[in-house]
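Everything on this sheet refers to the single structure shown next.
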Amino acid sequence: MAKKSADLTYKSYLGLETLLEAQHPLSEAHDETMFIILHQTYELWFKLILFELDRVQKVFGAKSVPDSDLRLVSASLSRSVNIMQLLVRQLDIMETMTPLDFLDFRHVFRSASGFQSMQFRELEVRLGLRHDDRVGYDGKSFENFLPSEDRDALHRIMKKPALVDQVSAWLARTPFVEMGGFSFWKAYRKAVVDMIANDRDAISKSKRMPQAAREAELAKLKNMQLQFDQLFGEGGGEPLPWRFTKPALQAALLINLYRDQPALQVPFQILNSLMDLDELLALWRYRHALMAQRMLGTKMGSGGSTGHDYLAATASKHRIFKDLFALSTFLIPRSKLPKLPKHVEERMGFKYWDKAEDAA
Amino acid sequence: MAKKSADLTYKSYLGLETLLEAQHPLSEAHDETMFIILHQTYELWFKLILFELDRVQKVFGAKSVPDSDLRLVSASLSRSVNIMQLLVRQLDIMETMTPLDFLDFRHVFRSASGFQSMQFRELEVRLGLRHDDRVGYDGKSFENFLPSEDRDALHRIMKKPALVDQVSAWLARTPFVEMGGFSFWKAYRKAVVDMIANDRDAISKSKRMPQAAREAELAKLKNMQLQFDQLFGEGGGEPLPWRFTKPALQAALLINLYRDQPALQVPFQILNSLMDLDELLALWRYRHALMAQRMLGTKMGSGGSTGHDYLAATASKHRIFKDLFALSTFLIPRSKLPKLPKHVEERMGFKYWDKAEDAA
Amino acid sequence: MAKKSADLTYKSYLGLETLLEAQHPLSEAHDETMFIILHQTYELWFKLILFELDRVQKVFGAKSVPDSDLRLVSASLSRSVNIMQLLVRQLDIMETMTPLDFLDFRHVFRSASGFQSMQFRELEVRLGLRHDDRVGYDGKSFENFLPSEDRDALHRIMKKPALVDQVSAWLARTPFVEMGGFSFWKAYRKAVVDMIANDRDAISKSKRMPQAAREAELAKLKNMQLQFDQLFGEGGGEPLPWRFTKPALQAALLINLYRDQPALQVPFQILNSLMDLDELLALWRYRHALMAQRMLGTKMGSGGSTGHDYLAATASKHRIFKDLFALSTFLIPRSKLPKLPKHVEERMGFKYWDKAEDAA
Amino acid sequence: MAKKSADLTYKSYLGLETLLEAQHPLSEAHDETMFIILHQTYELWFKLILFELDRVQKVFGAKSVPDSDLRLVSASLSRSVNIMQLLVRQLDIMETMTPLDFLDFRHVFRSASGFQSMQFRELEVRLGLRHDDRVGYDGKSFENFLPSEDRDALHRIMKKPALVDQVSAWLARTPFVEMGGFSFWKAYRKAVVDMIANDRDAISKSKRMPQAAREAELAKLKNMQLQFDQLFGEGGGEPLPWRFTKPALQAALLINLYRDQPALQVPFQILNSLMDLDELLALWRYRHALMAQRMLGTKMGSGGSTGHDYLAATASKHRIFKDLFALSTFLIPRSKLPKLPKHVEERMGFKYWDKAEDAA
């Protein structure tokens, strides 16, 4: 915290003397100033996202998460999503520069590169990107491109719990999955089995369907069954490569399916924001890849891979919350959903109704 | 320019050590960090707009403006427009803060306020906002709220030529307005007179039009005539309060009307970008006003005016290029336009065609 | 609902044969097609906003609002906000047309005008814009410009409950404002009185503050007190012109102040979305006003007011949820908030904790 | 053109009676209306893009392109770019729907799919996407999913000249590439050869560079040389797979390098807009892919590929103007550019300067 002062001005409060003197172009090229300022704003926003993430991780890192803290999580995630949307949009400004203008000063960077943005690396790690899931660059780990002190700092961060695992632990504690004799997982499995059996029956009996169509439909159903078998750990196929623990997955599914229940509305929003964030990071990487291609053409790095290829690969591979996306595979229509037992549904509501009824 | 160095890193190039240490919240309120970073990015972008304006003003400040410099002007203005769009959008992030969250730390500012953003003041002045055209705040000039050194700095800037006047001077030199015996202004006036006479004739003779409609149409026409009389300095009415000189206005009209001619395409884009910029500044002020109302309610300042009212007033009164907007009043349909004489139209084209024809 | 069909295609499902044949330019002007399509997309989106509003009003129109329905309201409002943001952005496309291009075909409209968009009028009325609060155009009610059948239709809509009044009624039923001996209003008033007294005391006793500053601070405080007196209906000043009923206002304030409580999180989001919507409508009108000025200049209508002036006036006067904005005036810092009694706070929580504790 | 009429209203002009009755949901699901309207607006905007493309192709399809027509091309392309940005943004609205909500009605489509959007297919074909360059779906050509009449219509469109080829032909006619004894290509090749030789020399002689760094730099240079050899058709390597003809490529490079010359400013903007369009189509496909993953999970189609995989593949493979991106590979710094001979540079200017000089 800065020293409070009677003569605080706008300038001193925002540290503008420092901030507005921190642009040091290394060439005479007009567009280098834009390039520097654009990257500086990126870094300022990254700092803010990390700051919001601090709050989110502090809440999720606690032994238990009071419901009144969930609004804080939701607010911090929404803000981060909003910032990421801005950052995607902000690339428009980069593209007011032409490749020829970029060529005027890109030699000054030498080996310096956006690769070395420690805040972005920290963000990836804290969200939950694991070292082994990273795409290599020129066949090497990206760490080779970092100064050793940064590498060490990153290793320290890697040792702390990642958000994805904290979320998994929080989900796993959701009480409604097993409550007073009700097992959501059993009920869900039964609903799926019934649904598939009914569908198979209907298709087989359908007289209007031509033979080829019938077979195609049955093949699809078979396929669906295999996927559900994997989900339920049956049929002997390989288990699905989930990142969440099994109880967390079950809770995430339950939250998606019964999100209208008061106790699940904010948790549902949180899962949604996590997907937004994951998607926007992918989109940002992809736009970045397109821009790299435009600025640099297909000029190859020494080892053969281009910035474009690397960035496009990270867009599809550096996904953190893909479990949440994969869950859509296992949703079943609302009409087929197991109805919650009254004693479970009631406890998803607010206490004040009790008394309201008392009063009535 | 910074010292070139073999060990340049991303961090040192962008001055991140300074930049990411320049946030000094004065309270424990969570949202103050967002508030600071958001304003810092605003100031960084303002710096860039001023930097682009340097280039624009340098070109327009020269005695003559080579056509090859116009792309630079156009590029700098487009970039500034793009940035202003981002800045309007960026207020979304401010609105992820609620009024109650703001209340947690707004006492720390005391008399410090966005009012004191010197870069924004500089931008206004350099574009051409005149001291006397400014909306007062609490009945006082905004200068009362500036530290005296800033006030002096601003006065120095006010003495330099403003963009709007540079543009006016540049427009006034447009060769095609008077060229080899052709007077655009005479030709245009004749076209207007003919158009109004024809329209009056047609309305008067129209048999199908009911009397009331006829009178309404004639009243509109009369009105239009009065406006054109003012434009042409006839009829004894008050002259219109233009900021541009008369030759500049004539040229701006010509550029709007014949913008498809090769020599006018880029000048037309430049006028368009100036309107975009003016409009976006108004929009930014207006969104700002809405946000102030949301954050602060209708709580009054000591003198009675609220931030919202002040900002909304600046949105409509602090316009710089309103002449360009007003010109739309005086456009006439393409079908009524005076045809350019061949010797004028030819000189609006490129030289290479001459030779191309030679060759043929 | 359309007939289900085995040969449903993308084209038939979306009614593309009709939709893509519904553009009928009345001139040869190139840009008229853009003008038509742009307005058609506006109307399609308005239809969707009205459809979402149906759901919102259905929920709020019910005698009591189950908490599980609040997610539907919140979802429909968020979607509407998202659409309104798009509609503001969409004006960018209109501005790819120049005033001269518009002049090529604007004569075809005759008296037809965006004024006559019945869906937009319906939206205004259903949100809660009252006839007497409307800005006139050329000194006449806007209804004069509508065909009589549309006027009648609008009058029928006016007779139905508006959203703003439904929200007011819903808020007024919030149980926590008076609960088991706790009166929020009394507690709040006491907190305000104490806060002002303390502040006055601190200012009076402050030795470091110069006399002039002290007086200014005391004047501000006096002002604040007067405003709170009006809120609490004391001091004999004029009552504030609230649209909400008094119990609704109290509840809205309570929701803002204690929004972290589980039972208030979604209600708080709903109030927030209503403010977003109100703000975006104002912003849309204002951008519209700027665009009208750009396209039409300052050409006057027969009665003297321009489209720009009218639209800018509606931006500031056609506000529906201004009570929610005004509430910010009456927020007090969290540290001064009355602490909720335990029995009230508990009932803002979820039921499942009871049992969780039982189990422990 | 519609019949002009004295009783034209807003409603009749826009065909609202038809338009607002063209939504026919096939289920009771709330979100189906959003789904329909969103797709309808997409189709309306596609219609407009195709309409703008008509104008662009008409200009480029002519034997010669008058410079005064280039503004029309530039305006139509800018507008299309603006629309595509909106369409990317518009997916935000789709994502206000959750996967479970989608599940409520996605069974109604049966085999109908966005795949069948004929306007989008037409857009792809007219821009220049070739049948053989298309990504297959489930191992089949996408045509298998079209009704036969649509397939035939598409084949007719395929026979007409595509924009990419028209642009190539227009570029190939650029006069400055060979003009009065000046050969741009020869001059450029010499500049490249000199640049590489100088760089090699500088690296070899550098004493401060460690051996390993020197070798890496030399390897990069070698690589660059190989690429330029391919460009110039030397060294016996495989020719690069350009879509443009050789003269078109040379002209595109010249326009990029000398874009400040008056005669090249608008052509440069046009090339830039074509890249914007190509990039935005890729971005739109990619966001679409992310959305498909979110809505549908990883549920497999009968043949094994998912919508997500297909769409992501089209984002990277269905690029039309990649030659323009690849050109960045072959730009050389401004300081190394061959200076244009005076007689060429002069002819890139405007005629009016001649006379201006005459007059002086």
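All chains are identified by letter, namely A, B, C and D, in their written order; residue positions are counted from 1 within each chain.
By our rule, a contact is a pair of C-beta atoms (placed from the backbone, for glycine too) under 8 Å apart; a residue touches a chain by one contact, two chains touch by 3 or more.
Bear in mind that the values here come from a model prediction, so they are computed numbers and not experimental data.
Both chain A and chain B are touched by C, D.
Greatest Cα centroid separation from chain A: this falls to B. Note on chain placement: the centre of chain C and the centre of chain D lie 40 Å apart, centres being C-alpha means.
With centres set at the average Cα position, the gap from chain B to chain D is 31 Å.
Contact with two or more other chains is made by residues 72, 259 of chain D. Of all the residues in chain A, the ones that touch chain C in their complex are 67-72, 74, 175-176, 180, 259-263, 265-266, 268, 346-352, 354-356.
Touching chain C in their complex are the following residues of chain D: 1-2, 4, 6, 8-16, 18-20, 22-28, 30, 33-34, 36-37, 39-41, 43-45, 47-48, 51, 55, 72, 75, 78-79, 82-83, 86, 89-90, 92-93, 96, 108-119, 147. Of all residues in chain A, only 95, 98-100, 103-104, 107, 216, 219-220, 223-224, 227, 256-257, 259, 272, 275-276, 279, 282-283, 286-287, 290, 293-300, 302, 312, 315-316, 325-334 touch chain D in the complex they form.
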